[in-house]
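First chain written, first letter: the chains are A, B and C, and each begins at residue 1.
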Amino acid sequence: MSVHHAPLALHPDRLLPADPGVLAIARRLYGAVRDLPIISPHGHVDPRMLLDNVPFSDPAALFVTPDHYVTRLLHASGVPLDVLGVGRGPLSEDSAREAWRQLCSHWDVFRGTPVRYWLESELAEIFDVAVRPSAHSADAIYDHLAERLVHDAYHPRALFDRFRISVLATTDDPCDDLSAHTGLAADPAWSGRVIPTFRPDRYLEVVRPGWAGAVARLGDVADVDTGTYPGWVTAMELRRRYFIEHGATSADHSHEDVRTDPLDSGEADRIHRAALAGTATRAESVALRRHMLLEMARMSTEDGLVMTLHPGVRRGHHRPTLEAYGSDTGHDIPLRGDFTDPLRPLLERFGTHPNLHLVLFTVDETVFSRELAPLSGFYPSVYVGAPWWFLDAPDAIRRYRSAISETTGFSRTSGFIDDTRAFCSIPARHDMSRRLDSGYLAQLVAEYRLDEDEALETITDLVNGRPREVFKL
Amino acid sequence: MSVHHAPLALHPDRLLPADPGVLAIARRLYGAVRDLPIISPHGHVDPRMLLDNVPFSDPAALFVTPDHYVTRLLHASGVPLDVLGVGRGPLSEDSAREAWRQLCSHWDVFRGTPVRYWLESELAEIFDVAVRPSAHSADAIYDHLAERLVHDAYHPRALFDRFRISVLATTDDPCDDLSAHTGLAADPAWSGRVIPTFRPDRYLEVVRPGWAGAVARLGDVADVDTGTYPGWVTAMELRRRYFIEHGATSADHSHEDVRTDPLDSGEADRIHRAALAGTATRAESVALRRHMLLEMARMSTEDGLVMTLHPGVRRGHHRPTLEAYGSDTGHDIPLRGDFTDPLRPLLERFGTHPNLHLVLFTVDETVFSRELAPLSGFYPSVYVGAPWWFLDAPDAIRRYRSAISETTGFSRTSGFIDDTRAFCSIPARHDMSRRLDSGYLAQLVAEYRLDEDEALETITDLVNGRPREVFKL
Amino acid sequence: MSVHHAPLALHPDRLLPADPGVLAIARRLYGAVRDLPIISPHGHVDPRMLLDNVPFSDPAALFVTPDHYVTRLLHASGVPLDVLGVGRGPLSEDSAREAWRQLCSHWDVFRGTPVRYWLESELAEIFDVAVRPSAHSADAIYDHLAERLVHDAYHPRALFDRFRISVLATTDDPCDDLSAHTGLAADPAWSGRVIPTFRPDRYLEVVRPGWAGAVARLGDVADVDTGTYPGWVTAMELRRRYFIEHGATSADHSHEDVRTDPLDSGEADRIHRAALAGTATRAESVALRRHMLLEMARMSTEDGLVMTLHPGVRRGHHRPTLEAYGSDTGHDIPLRGDFTDPLRPLLERFGTHPNLHLVLFTVDETVFSRELAPLSGFYPSVYVGAPWWFLDAPDAIRRYRSAISETTGFSRTSGFIDDTRAFCSIPARHDMSRRLDSGYLAQLVAEYRLDEDEALETITDLVNGRPREVFKL
């Protein structure tokens, strides 16, 4: 690539505190964890990609098209989603190159975002790209990347090893046969740990179209009649058991809210039947979902699956885009969150149960100091999840530590979660978290609020101890 | 003025980062934009002041009486509003001097506020005041200012030139004949650009006393029968057209909330007629206002006026003061805001329309990271407005950049808006914004999150590019 | 204590800004107030402890068992409350030592919390402990503390003098005869100022079990028939008068919300009678409480008691713990707060009354910039209370100053409130506040937003002037 492009280079002190005194401490803390293996207890990588070790087809498929963090800001900047390849299946080389050019020529709109930070890290560290993306450099970088992608060293399994991933959890439908996980486990050439996560949302979303069909399918897979509420419960329990047998340690839940008001069992069954018959009201359907969520907590106390909650997002905010391009296309928008009262029925029943680990995530920062830190600072089951989605970014992560640590310390937090479907961004995301936590701890040391030996122990615990303990890994 | 007063002096590095390394970067960024012309796309200066070039009558009229940012904190400190001249019309010299003395003798209550910062800047930079206001120095400063105000160089037009204002938008009633704007445009001695803004709130506030009269007046001015809803729509369209012909590029809206639920056209007309007849319920009246706001968005897609929304304020919180002194007297108090669900009907219809620019302002900081950044990071029509009103202050502006940039970057923000009726504060406000954005960007550079050439390009874009593009100037 | 324990030492610059330039300013500001006497206008120390000067029985009783800030995070870490002595009355030496060991062996879970900061300060400054608590050092520290506690110098009265407490307000039931306060005042060997605070919550909580009995007792004590609402009002007025005669200057209120919607007097009496008869609905009971709160404000305008409001906490979130261990056992969890609309009826009536001081506290940070700063920046009666409970911590205090100062400055804030039942933590808490406010002001000076002489005046006013004026001391 020619010399007239601006250079792309990663500074070793990036994201560490700017103040020289604090920086010196932060460097020591970060140095102690920089090279530790990655534990990824929650994410969206497709296990089949690792099973089949299929090469990434092109730079657009790797960095642009499937990543709604990337496509959303391009869309806001006037680039139609189809130009980015969204919803179009495999792209021709021309189309892939065009999608890539759009990213590069709009590189400036990502200034200040973690997306830019991750992409820079990936380009420079994994692919040795040394020039800054721009309209001018787009084609040269495309060619450079395309050339690398065909080599074995850039195939998924080689990258998995290079990334030093110790555990990778995927996210899976309860009806999934987990054959990809089975296949990996049975492959003598594979030694990585890839575990499934039980994600039953659609079977609880009684109001959504397709719920009845999903419940029927669940019954088929579990070989139980799910036409009654007790049958639904049994089927869920059986599928959770199946997941556990295949390595799962957690169940993930994402609904609009986290209310967990109980119904009596007769009422739950009555609504369940009415909903299947299409005669339940919307209020009844929502009530059933809330009761079902409480039921999932009960199951967790019995089978030990960690329960993670990711509430508070209006999914598919722009219906025309949803209809044209499907879900996860960049227009899921956060809502106000609430935990204190909605979770009370669950916590009164199971909040001190020794078997329950309940990890609470939010996209509403206001609950960090007001609700999540206080709840996790009393209930032995509750952990504050890492900053999620829109909050998985440097300043937001600093605000998170500042908002929660003073009430709940470090031990009641989940450790970092990358939550990504962008496989190559995993190392950059975990590294970002390590840098930022090192910086936060260094600030405590610099203000004489913590001794450095304690900060060192804490940063190591955040990278290794927390995720292993919280997610039972 | 005598030597025993504390000095008043502006430090060249004021508001820039304290850390020496970051400061060095910030100085370079700020230096590049310090002297750029001011673009003021939203504010409350009276255009007639510039047309007639009337001298400011006295220091109280210039700095105290009309500025609710100033009078509110004096009122909280025990000074009755009438002592400050509020609601009393032109003041005698004694009264004006007394109001000014109140400001000076309560100078300490403004510590830590941007009001103090702006006033200091105005006194020192425009009027060469070199002593700190106090009970002791009040009269001397009053005399100093009064002497300046009679000189041509301190009359509105001379200050307009001195301030290097490139564009100044005023805020105007739809029934205004815009004769002040016409007069300025026709004045061969005037070369400034002063444009009107369409502000139709009172014609949408069906619940407020006086709505029916306002709608009738609108009909008269537009020469349309506004007794029906279609007539109201036509009259609005005609007046918007009139504003556009007189230079307007935007329409401003401020209601309690931003819900935009549609009514069907028959229902809208039915409520419109009932409201005019005084028989509509409160709920119906609110529903009609929300429908009308949606209609204004539709008009913007057709006529291209930028739509700005300033919701979420309880106006006239203290009714006794409202009744005695009128509106805008310091007791408008913010409410919780919400955008995600309330704006969905509007955004589903028009969110991707190429003609719509929708700028969202808030006085509830919680929506910055939770709603405004995510919305503007997907919808090409949506921009995050600059920190508004209570949030137009150094720490709040820093929190704003921190809260939104990581999700939506810089390109989806509006650029600075001074929103002021205090003419002499315009340069200080824009300068404050430039200093703070330079500081934020310098921090990104110091943490190796942005290269300095990019930060330089960004600060220039924030000062010049953003407001021109977003407000179609 | 042996040399192989980690040392415990307090750095003189702890909590001051890390940046060397800002630190130099902060040191000067802090130095000016470090040794000023403590004014404690709101707290929960038992006055009988001072009257009887009873020695603290053991380290657990002093530092662990009664302090829900401490026990909650131990409980979250898996230590049952009874192991910590909660709800068990006086502990045997073995049990006390075991509770202390739990604290020491879980020392790491307090990293980053102010609890750790306070405990460190108390151990090092008051008791000369020089080793860091740990499982290893627990017994040695226990023995060291136990040995000190028997000495006169560590008895409550000696500590009160050593702490340089100028005024200490306790919190008392309206039916309390205040004999402890009377006893102290009458004791020729005692010269401290310990004043009661009127805390009538239970007499307003119409929905709570026991309300009717409390109202009857109130009638007995006041010698008034409280079977009618006017009787309740008269009894309250009489008890307030009694408290004022015994030195009280304020009345404290903590309910779920701060709504103050008025009832007409007939309706208030009707509900009052119905509630006593057990026939009021829940909605009626809540409406009566809100009306009663408005009535308390009216009384404050007449008798001059400062009114403090501490709303927005779900008390006793975990019912099983509440039933087993009682209230104040670590599971009170914050709720979203609102002030703008709920307080409007009160402020419309009394907001500009010269006799009213209304101090607003919150555990929901979002209201600082949105509601509390704007309200206190207009209403002469309203003050923003210091960061409370979960927010009484270094980073939260900085966020508080940042969120409110730009709208309401420093003069409209309450000064620091320790709000504690942990007697020995009082000096550390006030010192923490002084350090943090010095740091915030130093930052303003370093950014040329305030002159250092003004910052010096302000820090002194925050420590001495504010609490004296706001609480009428």
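Following the convention adopted for this analysis, contacts are C-beta pairs under 8 Å (C-beta built on N, C-alpha and C of every residue); 3 or more make two chains touch, one makes a residue touch a chain.
The UniProt protein names, listed by chain, are A, B, C = Uronate isomerase.
Because the structure is predicted, anything quoted here is derived from the model rather than measured.
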Type of chain B (Uronate isomerase):chain C (Uronate isomerase) copy interface by residue overlap (half), same or different: different
Angle, in degrees to the nearest 5, of the Cα rotation that carries chain A (Uronate isomerase) onto chain B (Uronate isomerase): 120
Chain centre separation (chain B (Uronate isomerase), chain C (Uronate isomerase); CA means) in Å: 40
Chain C (Uronate isomerase): positions in contact with at least two other chains: 19, 366
Residues on chain B (Uronate isomerase) engaged by chain A (Uronate isomerase) in the complex (per definition of touch): 19, 21-22, 338, 340-341, 344, 347-348, 351-352, 366, 369-371, 373-380, 382, 401-403, 405-412, 443-444, 446-451, 453-454, 457-458
Interfacial residue positions of chain C (Uronate isomerase) with respect to chain A (Uronate isomerase) in the complex: 6, 10-11, 13-20, 72-73, 75-78, 108-114, 117, 132, 314, 317-321, 330-336, 363-366, 390-391, 393-396, 399
